[in-house]
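Notes for the one structure printed next.
First chain written, first letter: the chains are A, B and C, and each begins at residue 1.
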């Protein structure tokens, strides 16, 4: 059943899709007393890579965390594969097939690399096998016995992505995966995301590195002051460069 | 010389209890960030449970070793679900206050029904008697207590540090929100961890029953010493709690031999010294 | 994560006037007690504990440090004053000074050790230190162990104030309480108090502003311990004995309970809490160990349901600072 089209953002995806994986409407969120999101509207279709762009503090991470269910207070509607999850607990959301890779990466210091990798439980069929994972991230194989946090920044990012690929979750949320990484690693991550997309994963990306985002994303949304204020497809990117410069102060 | 070895043995036995109790406290503190003041009372309940199992159902010591920790562990999990859980987002000190109150209630109730005197609990037949080791006479039960405690402590350490289950526990201790976002039911894990810590305390109680008698106040004095052990060892490592527990028991025993007046206070004096030199405790994790 | 005293309202000039009014009411009510039927010894004992709780509250409410060993100040002052009065034959005013000074010294020593840690660790350290002192007092001859120091003389203060007369003793104790209370009040509202509050709310920020936070905390601790000692010294005249009960863990727990019931971080909370708990103890005296159980139930209820305490809830309802 095609969802009713949301108000707010201009129609970035002209085709109403029955394969809508995530639909967010009027999402509001609070961190304690702070009202961070003031009505976010967007959607993600199956097999897409969608990127949330915006300045620091715009509410991009809060949006991801709201979908994941780890923000204390939220209201509005978040539909994942047609199920309403705005009230659900984060473990239930994870078991529905949503995976989250936080900005800080969240590698556990008291676990070695192998334990970090095996920690997230299988939530669905179709997760990558260990061989496939080592295929994507060969250097993890050599570091299995190292303590999690002894890895370099790039390796930790690989590990953070690798461990959610095992679980069978097919909707991945990555929060600033390229932050603080060397250009060579950033390129690797871009290739990884492209390969994952080919394998059928749906990815919601938060990025400040707009150049990187433009190499992987199908669509963009601009987040500002806790709202989505604009959105367009990758094909419309050139036409919207001026707008982008204004929004992002680039 | 006999007296010295005898005192060392007593020290090892006390050390066993310190190790088991501080291990439980450390596990609970790691996961829940609560100092379980009720730990001493739950240790006492373990001993009473063994007593009742014997007097009401005829189940003896060997059954008690298994059943008492389970019963008291379940009781602990109920406490966690109904009360401790509500303190999750609050200052850690509330946990201390709540469990202090629980300790008062548990102890007070038992004191009302059983007074302050001790109930007897016999050493099981298989462990009666002793062996002459040449340099000392070793009562078998006491030897058993030390060995069994060591085995339990090391098994717990292995479970936490080396197994997959332990990995969940360690990860949830570090970052419970993220672990939950992977699909793991962290609240249930927390309840079970509290149960595990409580079970260890109750087990110590069962071990203690034949030696120390079963008294309502038996937990009260032990718990404060265990706090000192925990401050000295630092809450950071499981192995640290175990080693510190045994070591301090032995030191206490030696003090009792060489300078008896100080035996009650030596653990506290050591705590003061450690704090002056290394505030984060010997295996140091910052508060 | 909420801190223990998150509900303490900031003090505005208007709020201070409220507090002064309540203080005046409190002082007047207490002053007329000897003219009523209320048993003066009960009120005197309650006043001593009220001062003790206020001293404890200074540390937790404004310093953010939960001391689980405040009984050591009560007990130490009691033993030293008692000994000074009975064995050395000192006059009351010197006896009080001796006890208070001993507590102050103890506060300095234990403060230097304990301030190194915070939060739960601080609580456990103070608990262990007070237990250490308990075992020392158990064995040291001058305390007479389990019996305690009995029959401490009340004497004549400054040569002519006869403390053996209940009414006179009452006013002396009341004066001591009010003096201690005012000192705490003054401290809270001084620049020193403001820094303490800043430290309690956000210590890293205070440090980055250049404050040596450990020193401030230590000073607050010493002040708290000294005033707790004053309470102990005064109590010696009321009870005429000094015993191990005053140094037990249970006593430290009782102090915490009084403050919790009245309202952590409020100004009048500890006073109200002390009166309630002392009254409860008198009323339930015949019930043996059920008192302990009830105290435990009160503890648990307060932590789960009633965190602001009585005065705290009233202050919250009226939106005033109390």
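Side notes on the structure shown:
Methods note: a contact is a pair of C-beta atoms (placed from the backbone, for glycine too) under 8 Å apart; a residue touches a chain by one contact, two chains touch by 3 or more.
This one's a predicted model, so the numbers in the text were calculated from it and none came from an experiment.
The chains touching subunit B as well as subunit C do not exist; no chain touches both. Relative to the centroid of every protein C-alpha atom shown, the closest chain centre, again from C-alpha atoms, is found for B.
Relative to the C-alpha centre of subunit C, the farthest chain centre belongs to A. One finds 32 Å separating the Cα centroids of subunit B and subunit C. Work out the mean CA point of subunit A and of subunit B, and you get 45 Å between them. Inter-chain centre distance (subunit A to subunit C, centres taken as mean C-alpha positions): 55 Å.
Residues of subunit A in contact with at least two other chains: none.
Of all the residues in subunit C, the ones that touch subunit B in their complex are 1-4, 66, 68, 113-114, 116-121, 123-125, 127-129, 131-132, 135-136, 138-139, 249, 253, 256, 260, 288-300, 302-304, 307. Those residues of subunit B that touch subunit C in the shared complex are 35, 83, 86-87, 89-94, 96-98, 100-109, 111-112, 220, 224, 227-228, 230-231, 261, 264-265, 268-269, 271-272, 275-276, 279, 287. Taken in their complex, subunit A has these residues touching subunit B: 68-70, 89-91, 93-95, 99-100, 102, 106, 108-111, 115, 118-121, 123, 164, 167. By the touch rule above, subunit B contacts subunit A in their complex via residues 164, 167-168, 170-171, 173-175, 177-186.
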